[in-house]
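Two complexes, one shared chain (chain A), two partners (chain B, chain C).
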Partner chain A sequence: MMPLSKDRPFLALLLALVGVALAMGLLAGTPFALSRYLANAIGQLAAFAVLALALDLIWGYLGILSLGHGLFFAVGGYVMAMYLLKHSFVVTGTVPDFLQFMGWKDFPFYWAGFEFFPYALFVAVAVTGLIAGIFGYVSFRSRVGGVYFAIITQALVYVAMLLMFRNDTGFGGNNGMTGFAVLFGWPMGTSGMITALAIASLLVLAGVLVGCRLLVGSRFGALMLATRDDETRLRTLGYETLRLKLGVWCLSALIAMCAGMLYVPQVGIINPRVLSPELSLEIAVWVAIGGRGHLAGAVIGALLVNAVKFWLSFAAPDIWPFILSGLIVLVVLVFPNGLMDLATFKLVRPMGPRRAAAALEEGR
Partner chain B sequence: MKLAPFVSILVGVLAGGLLLASPAGAQPLDRAALIARMCGEAAAMGEAGTALAALAASGEEAERAWAAPLPRAAIDRTLACDEAGAVLTEGGLDALTRAPRAAQGTPRTPLLSLKNRPVYELADAAFTLRMAPSVSQRAAALKILERRPALIPAGLLEGAAQAETDAGLKAQIENLAQSAALNAADPALRRAAIARLTENPNRRTLTQLTGLKSDAAYATDAAFRQAVESGIAKVERGIALGDALATLYNGLSFASILFMAAIGLAIIFGLMGVINLAQGELIMIGAYVTWLVQQGLRSLAPGLLDWYLVLAIPFAFLVTAAIGIALEASLLRHLYKRPLMSLLATWAVSLFLMNLVRVLFGTQNLQFETPFYVTGGVPVIGDFIFTWNRMFAIAFAVVTLALTWAVVRKTPLGLNIRAVTQNRDMAACIGIPTRRVDMMAFGLGSGLAGLAGLALSPIYSVNPQMGQNFIIDAFMVVVLGGVGTIAGTVVAALGIGQINVLIEPLWGAVAAKVIVLLMIIGFLQWRPEGLFAVKGRRK
Partner chain C sequence: MAVTALLVDGLTVRFGSFRAIDALSLAIDYGEVRAVIGPNGAGKTTLLDVISGITRPKEGRVLFDGAFDLTQASDSAIARAGIRRKFQKPSVFEGLSVRQHIAIGADAGFRRALDAPALEDRVSEVLETVGLAGHATHLAGELSHGQKQWLEIGMVLASDPKVLMLDEPVAGLTDEETERTAQLVRRLNRPDRAIIVVEHDMDFVERIADRVTVLHEGRTLFEGPMDKVRADAGVIEVYLGR
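== the complex of A and B ==
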């Protein structure tokens, strides 16, 4: 691993993120400030980039592909939405739509205490840790990995989606939760709040980026890479990889949860669509396009793909799936390391006999 | 005078009872006496009304035609009685001979008493039900009869049902006949009706029988109570059996769909370690090809339209197999060392195919003809109907299973597939063209997905998103069944199909999916390689 001071793409990205955050903060309120739409889009992109980092940490550095990271994203999102609704209810007295829709007089009992943010945060961490911990433990203990693990995580997120689509769970059902009015006592929807959320997302992104970089650059990071490249050998040498994998898996889940908590106040709604297998697959696509196993690549991939998606969902919503599938095919065939190949001009001849792709073999 | 109403009821009931017991058609009808009674006292009029109703039930054709206008005339007061008998004033016909004549002297139009009016209305409705030319008139008459099931003379509804040409009305008449028999005055008749009901146990007969518990006879008549209770017990047994069979049957049909969706996945996964996320879309394309074949037949050979499900088999297989081979040769061939990337690549293909179909055909459900061999079903017991569309899927899956087994076990290609599945390097060393085997196997797996699409088109709705509904269940079958074994896929599909269907009525479809997933995760703790793991080195 390159020392941090020499990792120029990484430093440039970090600088750009902090720079944008600073500029947004300084320009707020002046005529040069970004439009509300643009500021909001930047904030959402940053939340997606955090999500991509979460996946890159386990897929790029541990070789475990999760096609269910939307689950942890959704846990963060739902808990944040619960906090926002309860908080808005306490401050303004507006009864959430889903309660009226179900004809319920009061919040279900498990909504108690959600008007306190620390409690909500604690619940989010606990639920995420519990799900990730139990699922990770049983999977890694029986050494389920590779494609098996990927499709079981996908089934997990799919089942969670079906569960949340039910209206009687007390989490908004298929309409989800919306109508957030107040965050930390401040009204939502003002340009100041939008800018603040975007800046917060950018700073969290920068922080997670640095944290992950320090982790993978450490001795622990070397162990992660060793687990990815040859777990059997590492086990033979006497390392217990179960705890290592479980720890990184839970950390990754918590990062995804943070992304969800940042995302929901900015988009203003949460519904079971975030649990659809497509979103979880898309996260992997961002990482693959940006460059698996490169933290900066994951961030850039998430930002780029989602920026194009934001733009095309206005300009030409019908052609977006075709572009996305074309991009994926291009990445998996021609640029096995995504945009990182493009950066170093390491083009691979796709049909050639000795493909550089072979250098990137994965353990099953 | 005060006794008169009582006497009239008594006589009416007696006469009714007599007529019920011995069909009037057996004796020659005394038309003149009937007319005389219609012109008589209230008691005699009641008697005449009951006799008319009985005539409608079991009289001969000619007698019925003669008597049909009489009740209506009595109700409308267009019957004028005089010394020579009676005249139907509407049309001016003699009531007895139907010769034209005018009423003589000062005619008297008898007034129906409150007790007699329903009897005459019933008789009129009975004649209308049997003789009116239009369905709506007969249906209206049936409505009137339904209000007084206890007064309906025996044999009327049976006769009417036999002659009825309209299927819907016929079913209604038969229904009424059953409940009329249940409410008959004669206990023996009622018990016979109960026994007849229990021959066909379903939820409707159960409500009918439980309704009898509030009947007065239930408390007083021990034989009747016993008949009702044993009837209920029998019907409940029948329903329980029917429900159990229906659950098994639905589970079996779901399992056959799952099997067909998963067998292709399992072969490909066993061979190359690649999970084809586009399998669901190949299923969808199989269904669309079936639809295209149907449309082609409709315009080219309408006579063969009914057989499109059979004729589409080669097309569905070949089209999806060709797509699979193209996919393997152009994309997956380069990704064998990178199975996780192949997941993304096949997802890209799935996205592409789904949106391509969406653009070409639109998002709406396709309309399929239902040929006679997948229409309807045979009611077996209780509410269990042995439906032919599900049977089609099951039979199709069985044939597919047999063919797949034959291909894998009995053909050179199958031998090669098994060899490469067990040890790719060794197979390559002894000269098996592993790349070619991969390609052919991928084509086989994809073609099987196309067949699955064909088999489920008569049961499920066909639209561009349909593949998504099956793909995750199919994954679970592969994970549970183990890599590349047909037996494992069959057992896992049966298990998951049955468990889904068993849990669904208890806690709902979502809970069924959750529980199945948790069971699979738990199961992998015990056997990480699936149910029927191929023995060999762990990859």
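== the complex of A and C ==
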């Protein structure tokens, strides 16, 4: 791998992220400040980019495709929402909608302590670590990989969605949780809070990006690539790849969890739709479009696709699925390495029917 | 007095009702280069798979140094014990450099076995041995077929294994590359190392092997020096004569 000091695209992206965060901070409160809508959008995009990095780490560098990363994103999101509601209740006395809806007088017992952020953070890490650890151990132990693993992760997120749709679980049911009034003692929804959350998201993104880059550039990163390219070969050189896969898998889940924690206060709501199989599939599309196995690519892919999606949600909400499908076809047929192909002008000519037939013939 | 490195004892491997290895017993000593030959499907690769812990036998044991039963150990534990193997299909990590391959081979496990300068020396030494010193920074994906074969040999060599297994190391190589590989294998031969080579190229086998085991349908058809193998009526019938 290229030394960090020579990795121009990576450094340029990092500089841009930190630069935008800095500019937003300096301009806050001046007439040149970004609109609340734009600042909020930037913050949400940054949270999605963190999510994309989580997936690229295991898919691009370890060859394990998860189509269920929405699960870990949701764990972070739900725990953050619980903290926000409980904290808001303690500060302002507002009773959350879902309690009234269920006709409950008080929070369920397992909400105890969620007004303390460190405790909420601990619960998020513990739950994510537990789910990822057990699921990863069982799967990797029995050598489940490839398509099977992807399908099982998709099933897992789907089951979680069905569970969260139930109203009696005490997590908001199908309406989810909303009405967050206070964060760390500060009122939500002000320009200052919106800007601060966006800056925090950008800085977390920059931090995760640097952290992932150092990891994949290390000796451990070389072992990740070796596992991806030929796991049996690495095992028969004396490496217990189960530990490596489990460690990176859990790390990836924790990064996705962080993304969820950043996302929820900015979007102002969480409901079981973050657990829909579509969102988890979409993460893979962002990474594929950016170029899997390139950290900067994953970030740019997530930012671009979601920026288009944000814009279309105004302009033409109905055509988003067609745009998304079109992008997938483009990536699969024309740019197998996503935007990274565009960057290096390695445009692959799409195969005509005759060449495709010849290729099939050869492959036989 | 020869010391046995590997003792294969009553080994049977089944795939469904088919016996790929059938009550096979053989011993391989330290200091020898043993060639295992036989027609396609004879069970040569399967034998190496059992020794390296990839395939579990139905019956029988494989003892390493007279005590360690490899049929009960994991593939990575077997490798850490000092048994290394080159696969039939060249198996390298396309995304890593030649140098990184040797470094990964020299360390066995996540904790470093060698400190940085010692690792550096080891990598240079191995690259020199397999003739890839000029390609240290190239990606494995950029190498020719022959170079990939040598890279994989270098990778399994880097940890100084006690047992070295090479599955068809000269398949697809040019005559000149085959010659270089033969010299390499002879150089790797040491009193404290056993080398097993699976190969079809008889001239190559003749050059490198001290003893030859001929497998046929999962059983030993013949065992002895190469000149006796060539003269054996049974071997000619099932293998050489075809």
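We adopt the following convention: the second predicted complex is superposed on the first by the 351 of 364 C-alpha atoms of A that agree within 3 Å, B and C clash if a C-alpha of one lies under 4 Å from a C-alpha of the other, contacts with A are read in each partner's own complex, and residues count from 1 in each chain.
What we mean here is this: a contact is a pair of C-beta atoms (placed from the backbone, for glycine too) under 8 Å apart; a residue touches a chain by one contact, two chains touch by 3 or more.
Bear in mind the structure is a predicted one, so any value in this text is a computation, not a measurement.
S.K.: Going by the contact rule set out at the top, does A:S139 touch chain B (first), chain C (second), both, or neither?
M.R.: After superposition on chain A, A:S139 lies in contact with chain B alone.
S.K.: Output check: A:L163 vs chain B and chain C. Expected answer is one of first, second, both, neither. What do you get?
M.R.: first
S.K.: Once the structures are superposed on A, label A:Y148 by its partner contacts, choosing first (chain B), second (chain C), both or neither.
M.R.: In the superposed model, A:Y148 contacts chain B only, not chain C.
S.K.: Taking the superposition as given, does A:K105 touch the first partner, chain B, the second, chain C, both, or neither?
M.R.: neither
S.K.: So, does A:K6 touch the first partner chain B, the second partner chain C, both, or neither?
M.R.: It touches nothing on chain B or chain C.
S.K.: Chain A residues in contact: does chain B have more, or chain C?
M.R.: B
S.K.: From the superposed pair, tell me which chain A residues show up as contacts to chain B and also as contacts to chain C.
M.R.: none
S.K.: In their complex, what parts of chain A are in touch with chain B?
M.R.: 59, 63, 65, 67, 135, 138-139, 141-144, 146-148, 150-152, 154-156, 158-159, 162-163, 165-166, 277, 281, 284-285, 288, 318, 321-322, 324-326, 328-329, 332-333, 336, 350-351, 355, 357-358, 360-362, 364
S.K.: In the complex formed with chain A, which residues of chain B make contact?
M.R.: Residues in contact with chain A: 269, 273-275, 277, 331, 334-335, 337-345, 347-349, 351-352, 354-355, 359, 468, 472, 475-476, 478-479, 508-510, 513-514, 517, 520-522, 524-525, 528, 539.
S.K.: Give the list of chain C residues in touch with chain A in this complex.
M.R.: It is residues 52-54, 74-76, 78-80, 84-85, 87, 91-96, 100, 103-105, 108-110, 155-156, 159 of chain C that touch chain A.
S.K.: Report the residues of chain A in contact with chain C in the complex, numbered from low to high.
M.R.: Listed in rising order, the residues of chain A that touch chain C are 219-220, 222-223, 225-226, 228-230, 232-241, 243-244.
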